[in-house]
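Here chain A shows up in two complexes: once beside chain B, once beside chain C.
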Partner chain A sequence: MSETRFITTQALAELTAELLAAGTRVVAPAEAADGAVDYQVISNAKDVVLDERMPRRSLRGFFQPPTEQVFTWNRTDSGFSLKPVDLSTEPWVVLGARPCDAAGAAAIDAVMNGEPKDDLWMRRRETVTVIGLACAAMGPGCFCELVGKGPADTTGSDILLRPAQGGYIVEIVTPRGQAFVEAHSAKFTSTDAEVQAPPKRYDPAPMDRIEAWLEANFNDEFWQELSLRCLGCGTCTSICPTCYCFDIVDEPVGTSAGARRRNWDTCQVGLFTLHASGHNPRPEQTNRCRQRIMHKFYIYPHRHDILLCTGCGRCVVACPTGVNLPEILTGIAGRAGEDTTMGGPA
Partner chain B sequence: MNVYEPYLMTIDDVIDETADTRTLRLKFQDESVAESFDFRAGQFGEYSAFGAGECTFCIASPPTRRGYLECTFKSAGKVTSALRDLNPGDTVGFRGPYGNHFPLNEMEGKDLVFIAGGIGLAPVRCVIWNVLDQRDKYGKVTIVYGARSVGDLCYKRELQEWSERDDVTLWQTVDPGGETPEWKGEVGFVPTVLEKAAPSAETACAVLCGPPIMIKLTLPTLKKLGFEDDAIYTTLENRMKCGIGKCGRCNIGHVYVCVDGPVFTAAQLAALPPEY
Partner chain C sequence: MKELQDLARTLLSDGTVQVVIGWEDGPTGARPVFVTSPEGADKLIFDTRCVHNLATFLSPRRSHVARLGKAAVVVKGCDARAVAMLLRESQIKREDIVLIGVRCGGVQKDPASKEPLTAATVADKCTGCDVREPHLADHVVGELPQAPPNDDARERFIEELSAMPASERWEFWQTAFARCVRCNACREVCPLCTCERCIVDKTQPRWIEPSAHPAAIMAWQITRAQHHAGRCSDCGECARVCPAGIPLDVLNREMARILQIRFDYTATDDPEAPAPLGAFRTDDGQEFIR
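Presenting the complex of A and B:
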């Protein structure tokens, strides 16, 4: 499906206002109180920010909130009862998803949609229409092309908006996107406008070689070197569009009631894998740094044939000690015997 | 029901195995679940002490005995302590059965050697009873069970029962210094006693579970006795939360213990990175 339309900036704002007026939940980039841009639930179409500023955090939290209730329980004299959360979800819209964030959520579907299906995740995925926004410029950490994606990648978007003079060229990607455009057909016009070539920074890394190297080099000294500057803070995993690991905990209220919650977790802390006996299969930061890289570039591709990284670059920008995924991938490619000149910022 | 919502079960019986290890016998509160629930030897579940959380244990009772489930656990952390504080009649949660199982169909007609250390007898006991409940399907049954001390032996009444059966050869041992004046069993570590028991490896399978050091030291002895790596089965347990391959923590390389295991052959273990 590669049908294209055009929507003016004005028509897009009107469309957003109409969605909001109809009671549709719309999530889009908007300025936070401190002036930075975050994906937020929008209440006014004017708040939507579709400029070059990358939202600080990924879309993960809208599909898997940092903490969410799974069920509540209650113990009374007449017995014990358990009340599951209401899983019904109204159709909703993400407007202005960066291609890396749209692709990130789609990558996680592979594990969540496997049997038995994770309905807490999938109910939000199955009801969303993702309107992606192609990037007009590279952000400071961006490396999407290195992992085989790109500033105009359509993975995970139902519709992709590509900035053009006076508005956006609209690429219809999925049947859901087609249905959305048809439902609001008055806002879209036909077009023969040319899309601008997206910005470019990297050539794709040899991901097959990298995956093969990772499979064969669990004990390489590379992991020690990598971990020496890692503080184990887990910031990289909390802003990542493809991290999904979680904890399940109880939150009692007194002794007769409580809730079970699912919370974000991170592979970067020792408690993640600590056994009750005190034994820990990943006792050192070296093991945990390795797990992050292995999961994204070997384990997940091995199991699901999808890379668990979309090159959003947030981890590169946010890491307090400068752990840098493009450098790591380049380093591994070098060890795997590949040409290491993959471009990148001068 | 969402995938993280447990069945409700009632504690039917509480058995203290040792000073710190307890078995709970659980019955489903929903009659239709009780009737339809089925599992295979080696599978595990997530057990809830509501208010404290969930914990992962194997199902320690055999699938041949329907109507209840048993779990055996050592009081070690928050949830196991909370489970230990519960009494008969109290409600707990159960999600499962999860994971793969021991290939009992393939083991039919073969001699079986069960080797366990300490609380590692729990998953092995599930297989032992499954086999003994269908005794004529299997060949010789040899059990080698060790614990640190006499007081640390689990399932003492069942050990007594197995020792009295003439279709089971039971070797019990305690670590040196762990014996009492009345102790009639062996004194020594499991690999040594296994070598003394010397079960034939011809058309035989071994099922092994215990602390990592016991498994590490027992594998060479099994090899010496002639057991091939693909005739040795063990069961692993990593920290888990979901039990269904989603939460991301129990993997050993690309293998997830919860969905690809918990039962592995020694040949499969040898191919895994040292991350368990």
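Presenting the complex of A and C:
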């Protein structure tokens, strides 16, 4: 499915306007009030920003809102009733998803589309057409290549737009992408334009060696070193395209009604693992920092064969104390390299 | 720089402290560093990118840092205000810490900045700075630089906000808080959020719902602001970390302005100064309390 087409900048704007006119929900990068770029629900095709500026937060919130209702309950004299949330979702479009964000949502599917299937997540995943936008430049924190991705990676995109003279070369990635292009065929032309080589910053890190080191070094002093500057704010997890952990709470209204909601949670705070007994298996920030790395680079790949990091680099930029994931990964790779039992040089 | 490094080396070699908490030049700008051996002292820097308030590492909640042993902390004059508050509230003991004060001529908004310090890049908290020379420190290093460039944009914005009709001001904060995802990052980075168990984490009873719905967000944000009234040192770390870009420092400054009017109190680096909400005065401006 590596068919290519071409769409002019003008035709893409017209296509966006047509989608909006037809009532389709379109999410795309757009300027926020403070001038930064965020993914937003678009109301005017002119607001779409497809330049080099990386959206401040990932797409996660559009698949899993920070707070989401699961059901409401009501108790009356005649009994008790539960009303599940309406799961029906109209087809919608993400336009201009960064490859790291498209791949991030796809990585989370591995756990959400398992057994049991998570309907709240999957209803939005199954109805979305993701139009990815290959990056023409590296942002300040970007490290996608280090984790085996890249600025033109197609994972998670149904269609990938690659910037070219006067418009975009359109790479059709999935049957859903194919159907989308066919449904709007007048906007696309055939092309023999050559794609430009994407920008490059890193070589891929030796992920299997890193995974092996993580498996064998749960109690290494590295974790203490790593965690000292960490304040446990969890901002790295709030802006991450691959963090999905949530907490479930019941919030009553009066004594006879209420709602069950699920909210973003973060492994970086103590409450995440605090037991009702008062015991906390991750009592200190050292344990929590280790968990973040373990989940992304050992536990998840071990279980689902997918890294839980796409190298978007937002955590690098957002961390208030300069915790730096590329530095951590190369640090672990270095340790794994020195240790001959890890398959590194003898 | 050499003066700072030499001092840290001495403190570590003669066993005065087991760790020096300062700044280093990291892969993406200045960042906190924990030096535990005399050889490591060469890493220490201080320049205009050192915006972080390292006093937050003294909070008793950070047990993984406390485990390193007695600490010397590098503080700017403004950071010393947070240390003074920790002392005033008996969270730390003066004899348990060594304070290395750095003379400061202002810091940048962004610790990764490569730009010179100008009115455009200077942190809001530096405007009108009166503590370029730290008072509370055991050692003070560096030359006294010029006063920071003045950017009073935040102060002007606060005046504009105060001049608004209450309904407009309410709308401004509602719009800002609508972005809150209830991540609690503002709480976690705060040097003065020292509660062992935050009210927002309590469930029996549940005082504040944890969801990001308008009523719960407002309950949290009002509680946070109120609890910092008369305590906040205006380091601005809550606003710097907020992933939703909520100007929490503006709210803190407004609380400080009200404290100044009502209680004649300004955040200070004097640990002996009575806390406005924790001291009884026979000449208190508030009649109901006398």
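Points to keep in mind about this one:
As a working rule, the second predicted complex is superposed on the first by the 337 of 346 C-alpha atoms of A that agree within 3 Å, B and C clash if a C-alpha of one lies under 4 Å from a C-alpha of the other, contacts with A are read in each partner's own complex, and residues count from 1 in each chain.
Following the convention adopted for this analysis, a residue touches a chain if its C-beta (ideal position, glycine included) is under 8 Å from a C-beta of that chain, and two chains touch if they have at least 3 such contacts.
These figures come from a predicted structure and were not determined experimentally.
After overlaying the two complexes on the shared chain, residue contacts for A:His302 are found with chain B alone; chain C is out of touch. With both structures placed on the common chain, the touch criterion links A:Cys100 to neither chain B nor chain C. Touch criterion met: A:Asp119 reaches chain B, while chain C stays clear of it. Contacts of A:Asp34 after superposition on the shared chain: chain C is touched, whereas chain B is not. With both structures placed on the common chain, the touch criterion links A:Asp247 to chain B and to chain C.
Contacts of A:Pro140 after superposition: chain C is touched, whereas chain B is not reached.
Annotation: chain A residues 247, 249 touch chain B in one complex and chain C in the other. In the complex of the two chains, the chain C residues touching chain A come out as 26-34, 52, 56, 62-65, 68, 111-112, 181-185, 188-189, 201, 209-213, 216, 237, 240-241, 243, 245. Within the complex formed with chain B, the chain A residues making contact are 70-71, 73, 75, 80, 82, 84-85, 87, 111-112, 114, 116-120, 215, 218-219, 244-250, 252, 255, 258, 260, 262, 265, 267, 272-277, 279, 281-282, 287, 291, 294-295, 298-299, 302-303.
The touching residues of chain B, counted against chain A in their complex, run 1-6, 8, 48, 50-55, 74, 76-77, 80, 91, 93, 212, 237-239, 241-242, 244-254, 273-276. The touching residues of chain A, counted against chain C in their complex, run 32, 34, 36, 56-57, 61, 66-67, 140-141, 224, 227-229, 231-235, 237-239, 247, 249, 251, 261, 263-264, 266, 268-269, 271, 283-286, 316-318, 320-322, 324, 326-327.
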